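Below you will find the structure I want to go over with you.
Order of writing sets the chain letters: A, B, C and D. Residues in each chain are counted from 1.
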Amino acid sequence: MIITMKKDATKQDIENVMRQLKNKGLQIHESIGENYNVFGVVGDTSQIDPKRIEANPHVESVVRVSSPYKKASRMFHPEDTIINVNGIKIGGKEKIVVIGGPCSVEGKDMICHLAQEVKNSGGVMLRGGAYKPRTSPYAFQGMGTEGILAMVEARKKTGLPIVTELMSADKLDEFIEYVDVIQIGARNMQNFDLLKAVGKTNKPVLLKRGLANTIEEWIMSAEYIMSEGNENVMLCERGIRTFEPYTRNTLDLSVVPIIKKKTHLPIIIDPSHATGDWELVESASLAAIAAGADGLIIEVHDCPECAWSDGAQSLKPQRFAEVIRKGKKIAEVIGRDM
Amino acid sequence: MIITMKKDATKQDIENVMRQLKNKGLQIHESIGENYNVFGVVGDTSQIDPKRIEANPHVESVVRVSSPYKKASRMFHPEDTIINVNGIKIGGKEKIVVIGGPCSVEGKDMICHLAQEVKNSGGVMLRGGAYKPRTSPYAFQGMGTEGILAMVEARKKTGLPIVTELMSADKLDEFIEYVDVIQIGARNMQNFDLLKAVGKTNKPVLLKRGLANTIEEWIMSAEYIMSEGNENVMLCERGIRTFEPYTRNTLDLSVVPIIKKKTHLPIIIDPSHATGDWELVESASLAAIAAGADGLIIEVHDCPECAWSDGAQSLKPQRFAEVIRKGKKIAEVIGRDM
Amino acid sequence: MIITMKKDATKQDIENVMRQLKNKGLQIHESIGENYNVFGVVGDTSQIDPKRIEANPHVESVVRVSSPYKKASRMFHPEDTIINVNGIKIGGKEKIVVIGGPCSVEGKDMICHLAQEVKNSGGVMLRGGAYKPRTSPYAFQGMGTEGILAMVEARKKTGLPIVTELMSADKLDEFIEYVDVIQIGARNMQNFDLLKAVGKTNKPVLLKRGLANTIEEWIMSAEYIMSEGNENVMLCERGIRTFEPYTRNTLDLSVVPIIKKKTHLPIIIDPSHATGDWELVESASLAAIAAGADGLIIEVHDCPECAWSDGAQSLKPQRFAEVIRKGKKIAEVIGRDM
Amino acid sequence: MIITMKKDATKQDIENVMRQLKNKGLQIHESIGENYNVFGVVGDTSQIDPKRIEANPHVESVVRVSSPYKKASRMFHPEDTIINVNGIKIGGKEKIVVIGGPCSVEGKDMICHLAQEVKNSGGVMLRGGAYKPRTSPYAFQGMGTEGILAMVEARKKTGLPIVTELMSADKLDEFIEYVDVIQIGARNMQNFDLLKAVGKTNKPVLLKRGLANTIEEWIMSAEYIMSEGNENVMLCERGIRTFEPYTRNTLDLSVVPIIKKKTHLPIIIDPSHATGDWELVESASLAAIAAGADGLIIEVHDCPECAWSDGAQSLKPQRFAEVIRKGKKIAEVIGRDM
């Protein structure tokens, strides 16, 4: 951490800041010149809040040199984390996984049938919403427990592990019992109590990036989960909010190489929520694979126009199969299997 | 709701969409011309999800004419809502309220002392964080229950009602017992389970706008709380996330006249989180009053450089008093009391 | 165009709006119901400014059904435009082109040498800045005419057509004489006088998307050029400005299928300016090809740390060759040549 | 400027960077510790491009301590710049100025009549567009020279100085002869050739902030004008582009205290373009004055629904007079005259 004092800071002002840091067990390296009054802080600075130091009126700026996360950091954990979901491995040089399924579970028969279609098309996990975060209180809120049990039935029939969103810690027991991957949605990316709760389980977690969260904040949310003991975290990009109205969100594929450089965690791309338009999903999916993603999570529905939610962004099963078919070839080019 | 069909939609395609809507008890008004195939839908369209209709491949666009919220809407509730917090009235033509206090409660003596300073300066409510949403799991997370009890003590000494953030529904009983206004933070603006939980109480709620949420989404979150029965909702703007790095966020003061036009709820401005810099707080506070806000919530600290969080944006008590002194005069110009 | 009047609009108010439109030779289709007062406008509505109609206090909303552009529109020109640059064809099902070269021309020897490296690596055109738009007036502003002439020399030696940025219409003669593709930079995307000026030439134009411009505004800028007679326009995405600080900009690859759907023009991707970091360029380049782009424009430099500008985002020639090598294989998967 | 080298940088790597800087006449202060390899650079670093140093693969980060602008900087010019437009003074503690007028000049009678209304209402300068930057090539592009001459006529009748937008350097002579304040529009904020051209005149310039430009980039554009010799620059905030669709742009009033802290130039607010909605203009105008702005530029039209452009955001003269009436009282509260 590099601290620059203001030009008019007195010797006493500087010593006050230094003392505060030394009291926390950190070492201080001397200032580099009369014009600058800059000093370096060495030690475990992840415990230090730069904003708190900047609150000192004599401090000009505080710049972190090391990252504020540790458990998620590639620096302290150079090998890729491989997450094992009922035998399916995700991350590192493992096969690129494709997760398919409807936005919302709409009934047992529907999800069982669709799970079979996802499997036949080459999908290896089943997604489906039972608890749905909806902007409007009057919109369909999901089937709840009944939806979870319908997914369990679909898993029984197809063997596909199930991924579904947890919105509240009070449903955690249900998720631990029935679900294979707990999804934390974009709107809850900084619901820190929920992060801590899933951090105390050992279930794999799919952590979506918030609509307006930086990459660093996103990794910090992974760090929340990991710091509680659960290191099975997959990051999932689903588009960020920008000024462009044509797409639902703007898919930021630069996160793929960045997450791989900064962390050891798998990175999954959700082209359905990112674009909000099924006509754009194939292009975004192939781009994600070429960019180096470890997996895709795609909305699939037999009859998009009858879907209870998000039909406009759902692929029909045969298009989903087509995306996988092309994706496999692109994976090969970049030295991956899918 | 106005639905435009694609040019190549057949008679049958159009009838399918119409039938779907009629089945929900809505009336359809006939198409306006061979070139367009546009029709209007009359009735309670707030139950209809436009995205679901757009999923139909024969539909070109769906445009809402009426707003998707009702309880929050000025149209269905023309008079201003006045919220009563222990006798202090907020909204309508009532006095503009100023809420002051530290980012975090740091101890009983500290908060009692500061509460007295806030009161002496002209503040009428006390803010302070006991449960703190922090980007890093290693940062100070708040004093928890001990912090809440310290605020209760401060209220006993000064009479100031207390405002503090609820991060998780499992602390709701504690908040119902001790707290006067429940704050829902920006990161939880779309934590719908939390919104429903506070909607079942009758405590006044201060609902902060999410960092990247539109005004309509924000009002929909108020609607979540109100649809559960709790109509005591105040909206609080605290800046949105933009590309500008100089300020912590960009304060969007246009919300003041917009919220007043669209809803009947009070609107409070938080200049401290919006700017992130105490040097900008006075300018933003006076602007907010001139814009027509019903209140301000400002961070105040005796020793900003010693604050456990957000010191850089805290005012010292005498500056806080100065803001109130000038604010009162501006309030007068626009026909309000403060 | 669909116009919705406010509920309290009188018959007279509605007739006033209708008359205004009929005076412009447009046809009006009757209103669709007593609750709504909606009417459709048929004819050449691209001449109508929706904002002007919305200025009428009795109008609730104006929604365009047809797009505001014509010459750029796929609807009026279903076949792909193929642009011919000295025999190199761009667009449609033609080979994907790769344009390489330095940010700035730094001398005749330098650009001639680099042009040879670009050619050896598989690049088919040479980029290089002679007139440089720089945020600071104190930064290197480009070599000007001398730089243009150095590029001409490089073309003579390698046969590669040259692409360079025009910042001011008063240099147009120089560009017409010497340059093969005129680049309009992001900062000038809405410099309408410059667009009109290049629209009067018949030189191919590479039109970069502005940092904060919507896809529709970008197509409208192409329309400016085309409406003056020059239909040789290629669109170039180079990232948009968002809140994310890690990358210089956020590359929006969704534009690839959107531009192809809405227009008949070629779409080129610039991964260097989008990411601002050479370590991210390969991932973004391969993603762009997989997404369906018609070309790439990549910064290449022999010695990035000695570059006079933008070194941090430049690839060394052997890495550039590697990107092309992998890109060719991805192109094959999606049925394109490169 | 503080440069941090990567941990694995060798002595030779560090010396290479140092040598490069010393060759530019800068002084280097020694490194502050074996863990860090940080050094300070002292001297005129405004000539150095931080990105160029970051291009070195051994450099971790480069942080500027001093600002990249000089002529615009408050540090080198502590007193406020006061701009004199035909005797009207702008900036410092001078009267807050109000500039009013239509978006577009629509004829000589129209502008003369409106100029009189603006004057009667308390406006002290006349705005009006003769050359109009329009998204669509098919929209009204302004009356051109005829519009300028009509404004000259209006000035003759009312004495109000005239402000109008210059879009292209080839009209500069016309502007020097006829216009009192040259406006550079948001879309041309980084049209550097245009900035240099107006920098060579001595006309006051009103420099609008670009839609997606940071405050620093905006000041750098002022620096372009000033570095050519013209120090008569007023900055004008007109809203930035964000994700919020309700308003045309998001007005960023934090620029008022920031511009005053960082520079010595006057800051003017344009509430009309910022909001895009006349119903929001009064609130934004009063807020701007309370925030400390040196002036307002407001669109005024006799018949907004007949305006040839931007009618939706224009005030009728009596509302404009009302804004000024209230604004004067707010100015008084903060110790200014208006």
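Assume contacts are C-beta pairs under 8 Å (C-beta built on N, C-alpha and C of every residue); 3 or more make two chains touch, one makes a residue touch a chain.
Just so we're clear, the structure is a prediction, and the values are computed from it rather than from any experiment.
**Q** Between A-C and B-C, which chain pair is linked by the larger number of C-beta contacts?
**A** A-C
**Q** What is the chain whose Cα centroid lies farthest from the Cα centroid of chain B?
**A** C
**Q** Centroid from C-alpha atoms only, then distance chain C to chain D, rounded to Å. What do you get?
**A** 27
**Q** Quick one: report the Å distance separating chain A from chain C, using the average Cα coordinate of each chain.
**A** Each chain's C-alpha centroid was found; their separation is 32 Å.
**Q** Distance between chain B and chain C based on Cα centroids, please, to the nearest Å.
**A** Measuring from centre to centre gives 39 Å for this pair.
**Q** Do you know which chain B residues sit against two or more other chains?
**A** 212, 241-243, 245
**Q** Which residues of chain D touch chain B once you look at their complex with the stated criterion?
**A** Residues in contact with chain B: 212, 214-216, 240, 242-247, 250-254, 256-258, 261, 274-275, 279-280, 283-284, 286-292, 326, 329-330, 333-334.
**Q** Any idea which chain D residues touch chain C in the complex?
**A** Residues of chain D touching chain C: 46-47, 49, 51-52, 54-57, 68-69, 133-140, 167-170, 187-188, 190-194, 196, 210-212, 217, 220, 223-224, 227-228, 241, 304-305, 307-312, 314.
**Q** Which stretch or stretches of chain B touch chain C in the complex?
**A** Against chain C, chain B makes touches at 2, 4, 29-33, 35-36, 38-40, 42, 60-61, 63, 65, 212, 241-243, 245.
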